[in-house]
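Look at the two complexes coming up: subunit A is in both, with subunit B in one and subunit C in the other.
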Partner chain A sequence: MKKKDSIIKGIVNSVLPVILAFAFGAIIIAAIGESPLETYGVLIRKSLLTEKGFMNTLHYASPLILTGLAIAITFKANLYNMGVEGQMLLGGFFAGITGAYLNISNPFISKLICFLVAIICGMLFALIPAILKAKCNVNEMVVTLMLNYAVSKTLEFLTTGVFKDKSAGYVATPTIKEDVMFKRFGASRMTMFFVIAMIILVIMYFVMKKSKLGYEITAIGKNPEFAEATGMNVGKKIIIMMLISGALSGIAGAGWMLSDQFKYTLTFSANPGLGWDGMLIALLGGHSPIGILIAAIFYAALKTGSDSINMYTAVPKEIVAIIQGMIILFLAVKFIGDKTSVFGRFKKAKKEDA
Partner chain B sequence: MELLNSILYDTVYHSAPIILCVIGGIFAYKANVLNIALEGMMLNGAFISVLVEYLTGSVALAVIAAIVTTLLWGLVFSFLGITCNGNVIVIGLGINLIVPAIAKFVLKVMELANISLQDVGVADFKINIPGIKSIPLIGGIVSGHPVITYLAFIGIAAAAILMYKTKFGIYVRVVGENEDSAISLGLKTQKYKYIAVLIGAFCCALAGINLSMERMAMFTSDMTAGRGFIAIAAIYCGQGKPVQSSLYAILFGVARSLAVNLSVYAGPAAGMFDTIPYIIMVAVLAVVSFMKFKDVKVRGYKFD
Partner chain C sequence: MNSMIQTVDLTKKFNDFVANDHINLDVKEQEIKCIVGENGAGKSTMMNMLYGLLQPTSGKILIRGKEVTLNSPVDAIANGIGMVHQHFKLVPSLTVYENILLGAEITQKKGGMKTPFIDQKEEIKRVEKLIQENHLELNATDKIEDISVGGRQRVEILKMLYRNVDILILDEPTAVLTPQEVDELIATLKNLKEQGKTIIVITHKLREVMELADSITVIKQGKVVGNVLKKDTSERELAQMMVGRDVVLTVNNERKQQIESEIMYKAENLTTVNDYGKEVVSDMSFEVHKGEILGIAGVEGNGQSELVKLMTGLMESTKGTVFFDGKDITNWWPEKLRKAGIGIIPEDRYAQGLCREMTVSDNCIAGYHGEKDVCKHGLFNKKTINAKRDKYIKEFDIRLGDVNGNIGNLSGGNAQKVIIARELSANPKLLIACQPTRGVDIGSIEFIHKQILKFRDAGNTVILISSELSEIMSLSDRVIVMYKGKISGEVSPKEVSMAAMGLLMAGIGKEEQDHEKER
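Entry: the complex of A and B
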């Protein structure tokens, strides 16, 4: 009975913000003189109800599932790893470089090497904040934010300088060899990468829900001092979690590179970035693997749908970004708390104030 | 000589908005409400000021509108984060996403790529200080900046006084350090947190106005380019102390100005100067924390 209760609470806490955000979005659309129903209709029809649209949605969801997992595994332990974006960029960049320069005729092995390179890059990035947090108790959020900028600036330099493809008319690294790229399924953009993402999702489900490590992550998130007192080596666990997060983001970057991008450009992960999107997905999915899968597909549908909005209606596609931002804002407030209802929360806050 | 002069001038020029964000953020930091929405609030100030000046032609109205709307974001942040007890980091991220989206949306609806102001120019905002202007070197650095740039540097002193010499500053720090004792002393902790966040919003609005209207007389989306996050890092490195945190902000100004001024000589490699402050900050954070915790003998994980 109690478990059922918490599931219902989880669903309400995730669905209510989405409904509220769409309601606000509808007001804005109505304010510029367009029909909200028609706009949302196009959004849903083009991204979920056609076969090609749905396959494209799954394609966009693949890297987001991985970055969402990368965020969830650290956020669940109250470890604010903001470096997923940087880890993913680093992984994607070097996977792209490897794919362009590597000379192996077997496409399977060359793909494998690309992924391994990306995983190592992501883990190396994650190791710096992990060690600083575990050994010196440096705030991981600030370090990862800083390193994100350092990485993106460095990659910008490498793309415009050392690894610039001279034949391209714009700033980009050399194109990956055709046989290293994933093949597309039919007319859509979907590739094997989605299958890989799903396999990793299943593995992470068992790691987070059924393994000892998953239990320890939850325990550290609830109370690190208690976890330490019961004999867990919290510092070591932090390093392990960060390494897993780094590896997952590395895979996300490499997969995005090999299934969609062909080369590293300065807009590789688009605005606001696959890593940042992953944060929203992890929050929306309540840090649980199944929640993340649903949230990633929902989010990717918004992304594919936003292009159709631009094409078929007069509403700018930025409306989708506004809705996404509002979802995050409302997600921050748990409408139904662990113990109290939303009204109880207000009462409690008032009491504290007095 | 001319190069040195322009490097120093640009240092002041690039430091000002970051310093404003830093002095805006330290009060929230000290009150234990981490405000990572600085970035979004700054962009709001930049956007609204240019938009209102573009629509009405009045600079005063633009400044007021920018400050009022940014304060509204501050209220949204405080209401969700303090009154409703939401996760402030997530709320901050949300605001950082919404503000640029709104700006882009409005630009699209108005069918503009960016807004550039016709009736006011950058030169109108520059203040040349008569006596100092003629002194070589110093005159070139100190004189010829817009109003808010001067306010930023005066603001460092003002923030230090407000933080350490007034009752308000002491209360804010008490609220941040130990909320339970603050409540037991009869302080209205929520009030102090609200005020701390709103001071931050006010300073961010000024930083935004400085960034868009005063320095460029135009607005482009994403023009804040991570300055709010830089300010947060500076606050952490300076542990929320006004002068130290501002010095880290100036460090970014120096690096930015080196990158801009040396790009003529070094080509794309000049962009690497931009990474130096980030790496210095990570190193500083590591050393500071190591010194603080080196005497703590707890196995593995250390608690603050």
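Entry: the complex of A and C
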């Protein structure tokens, strides 16, 4: 009974912001004289109900699943790795460079090396705040947040300088060799990367729900004193969690590079960025792997759908950005607390008035 | 003298638990009243009712003979009651005067009009005047984070004085102070009394009571057990009133075999400091033999909690060594201690022993979650974990509504049984049990006591730390008493009188007792 209750609360807390955001979007669409129903119809039909649209959605969801997981594993332990974006960029960049310069004929091995390079980059970059946090108790939120800008500017420098592709007409690194890139499935943009993301999702499901590490992460998040008293080396776990988070971010970056981008450009991660989107997805999904999968697909559907809105209706595609922004805003409101029931709260308020 | 504050049959119930049972308190105008009693006796509940933080179930509060209803601290302050909490509620980055005037800022006035700007000059002037009037050693412009703990306490007192209270309640004011600061505080409070304030102090440190109080009320298990004037009583009498008890526990503690000579656990010169840098455990040395229950008694707050943290790997010693089973285990991690064969029943079960928001089965494996039977290659075996949980529930008679629910839904006694089941089922050689029956119902107390004795009778060793004297006396083979972080005496529970125990707990050692007898 209690468990059922908490699941319902969790769903309400995730779904209500989405509904409110769409309602708000509907008002704006109506205000510019278009039909909200028709617009949303296009959005859903083109992103989820056609084969190509759905596969594109899954393609866009792939890196988001991974960045979402990277955020969730640390947030669950009340550790705030805000550096997923930076770790992902670094992984993507060096995977791209490796893919462009590597001279191995076996496409499988060359892909593997690209991924390994990205994983190492992500982990090393996550290690800095992890060690600072575990050994000197430096606030990881500040360090990871700031390092994002450091990495983004460094990569900008490298792209415009050392690794600039002179033949390209704009700022970009050399293009990855054709056989290193993932092959697309049919007419859609989907590649093997989605399968890899799903495999990692399953692994992370077991890690978070069934493993010793997952148990310890939960314990550290819910009651650090209890975790320490029952023998968990919290400092060591912080480093392990950050390394996993960095590795997942690195894979997200490499996968996005090898499945979609071909080269590192300054808009590699788009706006606001795959890492930031991952944060929203982790929050929407309640830090659970299944929730993250659903949230990532939903979020990617908005992305594919936004192009269709532009094409088939008179509503500008920016409406989707408004909806995304509204979701973030409404997510910040916790509609139902963990312990209070909705009616209990009203009763209390009434009592206080009296 | 007139009564300043009175309570008539003040009662507070938390569900079935009666925290305050028809308390009749009478504090005279301009006196210092000390309220003494063990932890959990109901002192804080009573004070929280006087300060409006809790509402009484029944009974009345009278101020200067008039009945008042206190729904919040705002009401209490309006009625002239102020409280200084044990844990200060100050903003460290703000200055003394800013803290005092927090929520009551003085704004600048321009041509009779209020502006939203704070008049800092006026604020400093007023606070400095207040400091001078009360002869306190404080600088109004110092930052809180730069001043001593004693200074911070003076700021808390000033905060209340600024709000013109006549009655000042202090909750365990000396708990965090150094001896010098305690002396200063006593002087400050006496001075305030001269200025016409009425002061209520909650404490369990009897020496300070004797220095400070005009009259004393002793509370035990939610009831007033004594009202005495300082001039008519002695530290000894107070100690007896506080610890003397009528509950007789029924466990049969007959030894079946001799205590072995082998030393199982040995601490040498164990010393540590708390977060404030105060030495809380000093040079403690003791040994525990195989098959023995060593009781560690003492009035709470004399270093027992820190000693337990030292012994269970949650705090580091600054000096000293610990041996267990022939190995040096000084400053080992809890994980390593458990592996070495030490079972731990922690002091605060919801902070260190259990995680409320995790399921019963998750809590059943905590601390042992890396053991091979539940965890292979880093993955849990849900079946064996659930089987373990069901076994504990059966063997330890744990009563719960939903086996898959969170541990937070269990009653205190049953939650404690989960810890005991978990720790004893790992077959340790030594059990460190800290307050094993605190806040637990009578039935569970008996069950837990039996389990501890059964464990001992199987040839194992137990270190029992408890502020329940009857528990220590009925279970232990040997008892050491702690006072101010040191051992004030070692006694055999069968031979010692309650009165002598009371003295040891008040820090009056054996030699001093003998000395006094001779006189």
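In this text, the second predicted complex is superposed on the first by the 341 of 354 C-alpha atoms of A that agree within 3 Å, B and C clash if a C-alpha of one lies under 4 Å from a C-alpha of the other, contacts with A are read in each partner's own complex, and residues count from 1 in each chain.
Note that a residue touches a chain if its C-beta (ideal position, glycine included) is under 8 Å from a C-beta of that chain, and two chains touch if they have at least 3 such contacts.
Treat the numbers as computed from the prediction; the structure is a model and nothing was measured.
Touch criterion not met for A:177: it reaches neither subunit B nor subunit C. Put simply, more of the residues of subunit A are touched by B, taking subunit B and subunit C as the two choices. Applying the stated contact rule after C-alpha superposition, one finds that A:233 touches each of subunit B and subunit C. By the touch criterion defined above, A:80 reaches subunit B but does not reach subunit C.
Contact with neither subunit B nor subunit C is seen for A:45 once the two complexes are overlaid on the shared chain.
In the superposed model, A:215 lies in contact with subunit C only, and not with subunit B.
In the superposition on chain A, A:225 makes contact with both subunit B and subunit C. Of the two partner chains placed by the overlay, only subunit B lies in contact with A:128; subunit C stays clear of it. Comparing which residues of subunit A touch subunit B with which touch subunit C, the overlap comprises 225, 228, 233.
Of all residues in subunit A, only 1-3, 206, 210-213, 215-216, 218-219, 222-223, 225-233 touch subunit C in the complex they form. Remark: subunit B residues 76, 80-81, 83-91, 93-95, 97-102, 104-105, 108-109, 183, 188-190, 222, 226, 229-230, 232-233, 236, 267-269, 271-272, 274-275, 278-279, 281-282, 285-286, 289-290, 293, 298-304 touch subunit A in the complex. Put simply, subunit A touches subunit B in their complex at residues 28, 32, 80, 128, 132, 134, 136-139, 141-143, 145-147, 149-150, 153-154, 156-157, 160-161, 224-225, 228, 233-236, 238, 271-272, 276, 279, 283, 316, 318-319, 321-322, 324-334, 345-346, 349, 352-353.
Those residues of subunit C that touch subunit A in the shared complex are 312-314, 333-338, 344, 346, 351-358, 362, 366-367, 369-370, 375, 378-380, 382, 402, 404-406, 409.
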